Structure formats: structure tokens, C-alpha cells
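Across the two complexes that follow, chain A remains constant while its partner is chain B and subsequently chain C.
After this line comes the complex of A and B, so read on.
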């Protein structure tokens, strides 16, 4: 659907995007993650034809965004970070204007305006001035204009910034429903949002793609160790003796608690987490020492994000992942 | 019209692009399936169309009022003169529109663009004649005995410098096209009037006199728009 090949964008000496390549496939919701200044908005601006690239190419449905901009832009609906709307117009007038810019006329235009207003649930607000709408409704108007012309790809740049929790949930649900018919690219630095909404995650750091995979696969790839945390009714010495014979445990940390209890942190390889839990359960059961609490902790998307977007290690890991992409 | 007309052009153009940029709607527009130059073309054409409507409406209104008050229908030549004047006024205001669109592309803030346009308007409308006579006086002094020899050169330079201003060009052309008794512009000597028939000038002859003015103003408007176009196309539109 969208192919980004060796995209580079320089502002003087500063390289905002460096040799970025990835492919967006049909019918998925992609999360575009990265810290501030990573090059997300620059990439999106180039992908939507607002900004020229220093080198590289972007193709939407086989059309080059720079050479065949009209055909390529027809395939993309774009909602910038702050929904840029004309405050002195009503949603209906604004959508009518955008529809005309997209080449819609007559009954087709009227029908599409009605349809996108229904999808984004702004029909009741159609004749109010945009400046009088709440942020949530403004965002919906922004999404409605992105949907006009029935583009195959919808790019949403930070669509939930500044919204209250209820509006965030509503917009997320809307994005999920859009994902059923469109390919959606969602740019955000809210990890929970990306995890909740997106099927595939692209992580960009310092203008380079450092990861592209599903959230689960990323967790598997980057979760080097799993930590089993348990609280048992035993002294640290007794607990260490019980655990001594067990395999797959690479590290044990103990912490004495009150009432003859202790807290244990057992490090293991990610694939052996369940085995260790099972072995630990039977070992303490045989020793007649009750386990009061037990849970495993894996590397979260937040940990992965931090690992990939900070320091030199990130660049190394990034190269590996980018090569795989 | 010569003094206040530019305000209409400046008002329609000074925030054409920078306001879209500051509101964030420019990159939204650029992301639509339209060619990028459509934005700047539309900004200028919309302004020019509105100016056309204003000028035409005012012209028809004043003509109608004149007809009601005087009760004498205008002749074909008078209608042609009024039409030519309205065309001249439209082109003149479009010059200012083009200038203000340039500043709206170059300046980040609408207020900066407005101030720049207004300062140029005030300079060319009020102070250009002072500057022109000052420069002409320095280059060709009129003092002393050589003042007699410099008189013609001084006048020609003064006139040439004044004609840099669209305000002067329009004033000169408007007075020529609206008043058939104006038989010439620029320097008139006794030799020029030698054996001339004392009559008013026909419309065609008046048009010949103001044709260079009209062409220069149209060229100024187009050059201004071209500068705004090139500047806009070379700029980056970032979210």
C-alpha cells in the first residue's frame, strides 16, 4: 500500500530522517512510535506530500508522492497533530470545502459528507461553528475530513492529544472501527494507546527505524529475561535451599519480610518463565512451605521503547530490526 | 480610489498564506489531492475576483447614482471611459494585492506583513513625490544660473521617479481616461501645441496615452504574483 524507500530528510546540518525504509500493508492499524524529535511528524509530512524529501521515495498504491502527487494523495487521508480547522465555519461547510478539494461534487459530495459525519458521530454538531465545539468534536471533524474521498490509508498524527479520558476512549474506538475498512497509521508517543489500538508497531528513533513488528513479537524479541516474583512463608536461607536444585534459574534475590516470610525475585530466560513457575510451585509444596503470592514480570512495551530509543544499544538493535524489516 | 483603493488589496492579501500557516491549515491543504501551486494561485485569483466585484459594484453604483441625479444617459464613449477606468482601478488594486500576498508568504506573522504593506503604501502614496523631487533637485539643481539649463532634466527625472509609484501611475492614467480634455501627459512644450486643434481627445487616443501605465501596472501585478509564487513554492510546509 505505502512503500517508503531510503527516505532521508535534512534541515541544514541536522538529519531529521535518515535512510528510512518500511512498507505499510493493507488492512492493518500501524502504530508509529518515537520520542519527541525522532522524525515521526517529518516522515508523516513527507508521506502526505506536504514536505519534500532530501532523497528517497514514497509510493502510495504504486504512485510516487512527489511525481504523481494527486493520484498518491487521493489514497491518503491525513489528520495532523492539532486538527487544523477553520474556526469560523461549521463542520458541514468545512467538510464540503475539503470534499471539493478532493474532487467530489454534487450528490457524491453530499452523500460522503453525510456518511463521514455519521461515522464520526458529528451529525448533531453539523451546523455549529467549529470554534464552539469541544476538543473531542474538533478531533472528530478532523478525522471526518481525513475520511472524505474514501482514502485507503488514513494517517493520524497524535489524535488523542489534549482530550479527556472519555474522549480518548471514544477516539480509540473510532480508530479501531476505521481499521476494519482502512489501513490506519497512528502516530503517538503514548505507548498504552499504541498497544491498545495497533496491530503492528513501528518504532523510530533519531530518524531511523529501529523496530517493526507486532507488540507481542517485540516483547518476545526484546524480553531477554523474565522475572518470577514470589512471597513465601520461609526464611531466605530455607528458600535458597529449596530453589538450589531447580534448573533454568539464572539469578536469585531474596528479601526478608515480617512474620517469617520472604520475597524472592528469580531471573530466568523468557521462554522458561512458565517452567520455572511450575518447578517453584512443586518444590515449595514438597517442602511444605506455602507460596503466598507469585507472578511473572516480562519486559513491557515501555521497556522495549526505552531500550530502543536511548543510547548506543538502541542503534545496534535498530540496525538488526531494520534489516529484518 | 488612488489613495484608499490599495487598502482593499492589502486587506485581502496580507494574511492569505501566513494565517493558514499559523492556524496549521496550510499543511492540511497541501495534503489534499491538489497541486501545491493551486493554493497560491487560488489565493491570488480569489482576491483578484473580490477586487473585481468591488470595483464593478462601486462603478455601477456611482454610475447609477449619476444617472439618477443628472438624468442624462451617458454616451457610448463615456461608457467606454468608465469601463476603462474600472479596468484600470482593478489592475491598480491587484498590484497591491500581489504585494501583500508576497509579504504574506515571506512574513511569518500577519501583523508583520500588514505593517510592511502599509508602510510601502504610505511611502509610495505620500512621500514618494517628496523623495523624487529631492533626488531630482540633488542630481539637477535648480539654483543659480545652471538651474535654467537643468530645468527640463530635473522635471523629467522627477517624473520618472514618481512613475515608479503605482499611486502616481494610476492617478495620472485615471485623470487622463476620465477627462477627455487631458490631451497629453508628461512634458508639454509650446512646440507640442503648435497647430494643434483645440478639442477634447477621443477615447482611443486617451487609451493610447494611458496604455503604458496600464501595461506597467499589469506587469507589476504579475511580477508581484510571480515573486509570491516562487517564494511559496520554495518554502517548506511543516506541521
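After this line comes the complex of A and C, so read on.
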């Protein structure tokens, strides 16, 4: 368990992290979400003792990361944004060094090195120089390093950045499997990734925690409106007349299409989504105007993310990153 | 610390640095032994080491340039920070590995006087005391090189600065002869030093007021001392310059004087720069 309380980090006049407090419970996968420059890496660096906070404290299993750094650091495995690898060593030599630095010796060391190489599937590459490995394998060596010493918490800073789609899926699966035994915290600016892997999401913007909940709860909390989108065989005027009598619709946008068809967007409260669909279906069938397509869209996590991080000039950046997915 | 030591040592052996360092040292020892002991038939091995001490200007930068700078460049320093290691342990492990790399050629060199004594009358105590002096001088210079490597992330800059510092130290006692030894010249030189110190302090703390106060206080002390006893300032600056020379201390060993004070001096310099290296690593954690 990691407790972060009132963490603040200033660089001169610039505040990177401001009064951040949260608790990481055991046995979950946490996602640290935020646009670039939101303070994710800074927070992770402070949590792992790589960086000193201006004020506030971090406790891992009750041990302060600075006061009792040895005990605290043994509980945490960390993969920084750039995997800290020695290019002129082989993965086996590298893991041997890290294992010894974490206090492992003899048979236990050999066993653990073998184990983490098997888990991260780098055994085949164990005796090649790290500089000759592909980016995906380098990332795996970095993760293997974090796993040594069997830490309770594994912190991964942007573990899938710069990988190809296939490697991304492999790393995500690996992270999910790690989540069965360890508490995992991963940071990302990619929404779908956090959504796919994490149980709890912490959204951080401009150095502040703006939300901390499960993905579903966040959606429920912020999904104010539902939009029903449908394409009908009717002119916009006819469609407007048919819809006129229906309740629960808070807004109608129409858009004529070719062949006498028309696209409609109906806004409604989230709890009335299904009712509106039913009413629309019967109304159009009674008027003998076929509905060709109909579906509802709820506010997605992406919208929530945009809403939470917008108005803080991160909007453009956030949107662009979301598009990268 | 042991993990860092093992890791560093094995990377010296798998890389080229350690071999280049050892080869250079042995090559020059070989050439000078050939010239002095074999060609000129001198029975004093200490002259060999005395005359080749300039070799440190080249080999210390080669050995130490990447020891910490490379960690920063590769971002592996983050690994060291996140592992359950202390910075003192990291510096001690790295320094111990450097010392072992230095001790290996020293061990080979130690055989030379013994080999030579088979063919003539070599005074072994003087030869070995100079080897001991040579080792402690090298140890101190390596500590300085390590500190320089810790303040930059570029190997080239580390090597360049290290070379410049070694060069300055090598010539500092000769330079001292050219410095005016009047009391006022010393006063002026100290004033210049205080200003430089104030500037460095300003750069490191980014506090204009504190550095002004520091400069004013130091300058005040200096001025008071100068007014009260200006005669004490005569020749003081060149004298201090001479005292800073590590190489001069070593020449005493070459002259056949085994001076424990010099050993203590070398050890103090070593300790000071190892301490500064630790501080340099710790500082980065605060201001990165």
C-alpha cells in the first residue's frame, strides 16, 4: 500500500505537482492518466525516491521513501519513462546486477532472474547485448528489472510508448497478468490503454488530481446526456413533425442525406435513452417511415477526460493524444 | 555497494576503457624503464615513475570520464536512485572498481624493480616508496576525475575538464614562481578568488542576496586581515598554489622521502572529492 499525502514539487517558480494526495490499495491495477506535462512522471519519480518533493510525503507499506528508503524501495519496482538499461551489457548481466543491488544472492538470485525472464519472455535474448535488442524487448528487460526482488508494487511510467501495435498488446497482456500478483501503477496519456488495463483511474491535470475512481463510475458520474443517432427515410421536415409529439428529447439536430434520407441526432438525459429509442421506433413505424440505422452514444471516458483537463490549455494536447490511439 | 562494484568492474573488463588505461600506463612505464634503467643503466626505479607522472594527465580522464556522466546520459542514474542503494554506496562501489583497475597495472609495475634487482644493485625501499606514492597520487587524481564526471552528462566535457584540471595541477607549482609575491598581489588574487567563489555560489543557489552577503563577508575578513597584518600576505598566494600541487608531494617520494603527511594529504583529497561526488549525486535528486 502506498500513501501519498500533500505532495508538492516546485522547480523555481513552476509548480509541477501541487498538493497531491491519494492512496494506492493492494491488488489492483491503477492508471495514471493525464496530458503530457501534467506531472505524471514527476509524481512517479517522487513515489520511487528518484526525486525529492518540495513538501509532502510518500509512504510505502508505512515506510517513508526518504527516511527509511531501503525498506520502502524494496517494496517498489520501478520502470522509468526511458528504460534505464546499460547498452553494453546482456539482459542476464543486467538483471544480475539489479538483483544484487536489491539484496538477492546465490540461488535465490539465479531463480528470480530466471523467473522474471520467463515472465517477460526474454529468455531467448538473455545473452545478446541490450543495445542490439528491439524496443519492445528493451521495454521487457526494463519490466523484468522492476519485477526482481518480488516487490509488492510495480510502477511503470508510460510502458507502451514507442512500441508498435502488436508489442503494445503484448505489453498490456503482460501488465494484466502482473496485476494478478502485484499492485500495478501505470501512467499513460492514452485513454484506451488505461481503460483496457486498469481498474482504477487517477486523472491528473496541471499537477492536480482531478478524479480518482473506477472507469465505470467515472462514466456514470460524468455521463450527463445520451445522444440517439438515427438515419431515416424521410425529409427533415417530415422527421421533425414525427418527433414533435415525443417527450424526453432535449435537442434535435437534423442533416439531410441523399436519396430522401435524413440523419438525426437526438439529445436526451442519460436515464431516458432507451425510452426515447422505443418512442422513436414506434412513431416512425406508425408514420411508415423506415429507420435504417439507430444507435445511442454515451459520454465516453474520452469526453470526461477532455472535460476534466480542458480549460487548462491542455485541451489541444489532450485531444491530439487521444487521436493517436 | 558490492553490487555496484561487481557491475562496474565487469563492465571495465568487457569494455575497452580498462584495457586502454592499463596499456597506456604499462607502455609508458616500459619506455621509461627502458630509457633510464636499461639504456642509461641507472639503478633508481623511482626516477622512472618521477619522470612519467605526466601520464596521469592522459590516463585519468580516460578512466574516469564516463564513470558517472554516462549514467546520467543513459538515464541509468534513475535506476540507481530507485534501487535500495545509498549514494555513498554507489560512489564507494564505483571508486573501488576504479582503484582495482589502477591497482592491476601497479601490481605489474611493482615487479619491475624486483626484476631489475636481479641484474644490479637496486635500492628497493626507495623504489617501492615511490610506487606507493605513485599509487596514492593516482588514487587522489582518480577521485578528482570521478567528481568531474559527476557534474556533467557528457563524457567529452568530463574528459576535457578533467584534463584541464590535471594540467593545471601538474604545472601549478611552476606557475607559482611567476606569480608576483608582493602582499598587494596576494590580496588582489584572493579578492579575485572570492569574486569567483561568489559567482559560483550565485549559480548554484540562484540566490543573489546570499551570494552578495557571502562575498562581502569573505572580502571583509580578507580586508581586515590585510590591514592588520599586511606582511603576512607577502608571498602567501604563490605559497598556497605550491601547497595545492599533488604532483609536488609525489616528487618527495621520488627523492627518497617517505612522508606520511603526504599520504594523509592524498587521502584527504581523495576523501574530499568522493564526498563531493556523493553530494553531486544527491543534489541531482533535489533539483533535477
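Definition applied: the second predicted complex is superposed on the first by the 311 of 325 C-alpha atoms of A that agree within 3 Å, B and C clash if a C-alpha of one lies under 4 Å from a C-alpha of the other, contacts with A are read in each partner's own complex, and residues count from 1 in each chain.
In this section, a residue touches a chain if its C-beta (ideal position, glycine included) is under 8 Å from a C-beta of that chain, and two chains touch if they have at least 3 such contacts.
Computed from a predicted model, the values in this text were never measured in an experiment.
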(message) After the alignment on chain A, I want to confirm one thing: do chain B and chain C clash, or do they fit together?
(response) clash
(request) Kindly classify A:49 by the partners it touches after superposition: chain B alone (first), chain C alone (second), both, or neither? (result) both
(request) Would you sort A:12 into first (chain B), second (chain C), both or neither based on which partner it touches? (result) second
(request) Kindly classify A:41 by the partners it touches after superposition: chain B alone (first), chain C alone (second), both, or neither? (result) first
(request) Using the touch definition from the top, say if A:272 reaches chain B (first), chain C (second), both or neither. (result) neither
(request) State whether A:93 touches chain B only (first), chain C only (second), both chains, or neither. (result) second
(request) Considering only touches as defined above, state whether A:73 meets chain B (first), chain C (second), both or neither. (result) both
(message) Per the contact definition in the header, classify A:296: touching chain B only (first), chain C only (second), both, or neither.
(response) neither
(message) Touch test for A:84: chain B only (first), chain C only (second), both, or neither?
(response) both
(message) In the overlay, one of 187-195, 205-213, 223-231 or 259-267 from chain C clashes with chain B and the rest don't. Which one?
(response) 259-267
(request) Determine where on chain A the residues touched by chain B overlap those touched by chain C, and list them. (result) 45, 48-52, 69-70, 73-74, 76, 78, 80, 82, 84-86, 98, 101-103, 145
(request) Quick one: which bits of chain A touch chain C in the complex? Just the residue numbers, please. (result) 11-12, 45, 48-52, 69-70, 73-74, 76, 78, 80, 82, 84-89, 93, 97-98, 100-103, 145
(message) Please output the residues of chain B touching chain A within their complex, sorted ascending.
(response) 23-36, 236-239
(request) Quick one: which bits of chain C touch chain A in the complex? Just the residue numbers, please. (result) 2-4, 6-7, 10-11, 14-15, 74-79, 81-86, 206, 285-288
(request) Provide the residue numbers of chain A that touch chain B in the complex, in ascending order. (result) 41-42, 44-45, 48-52, 69-71, 73-74, 76, 78, 80-82, 84-86, 98, 101-103, 145, 149, 157
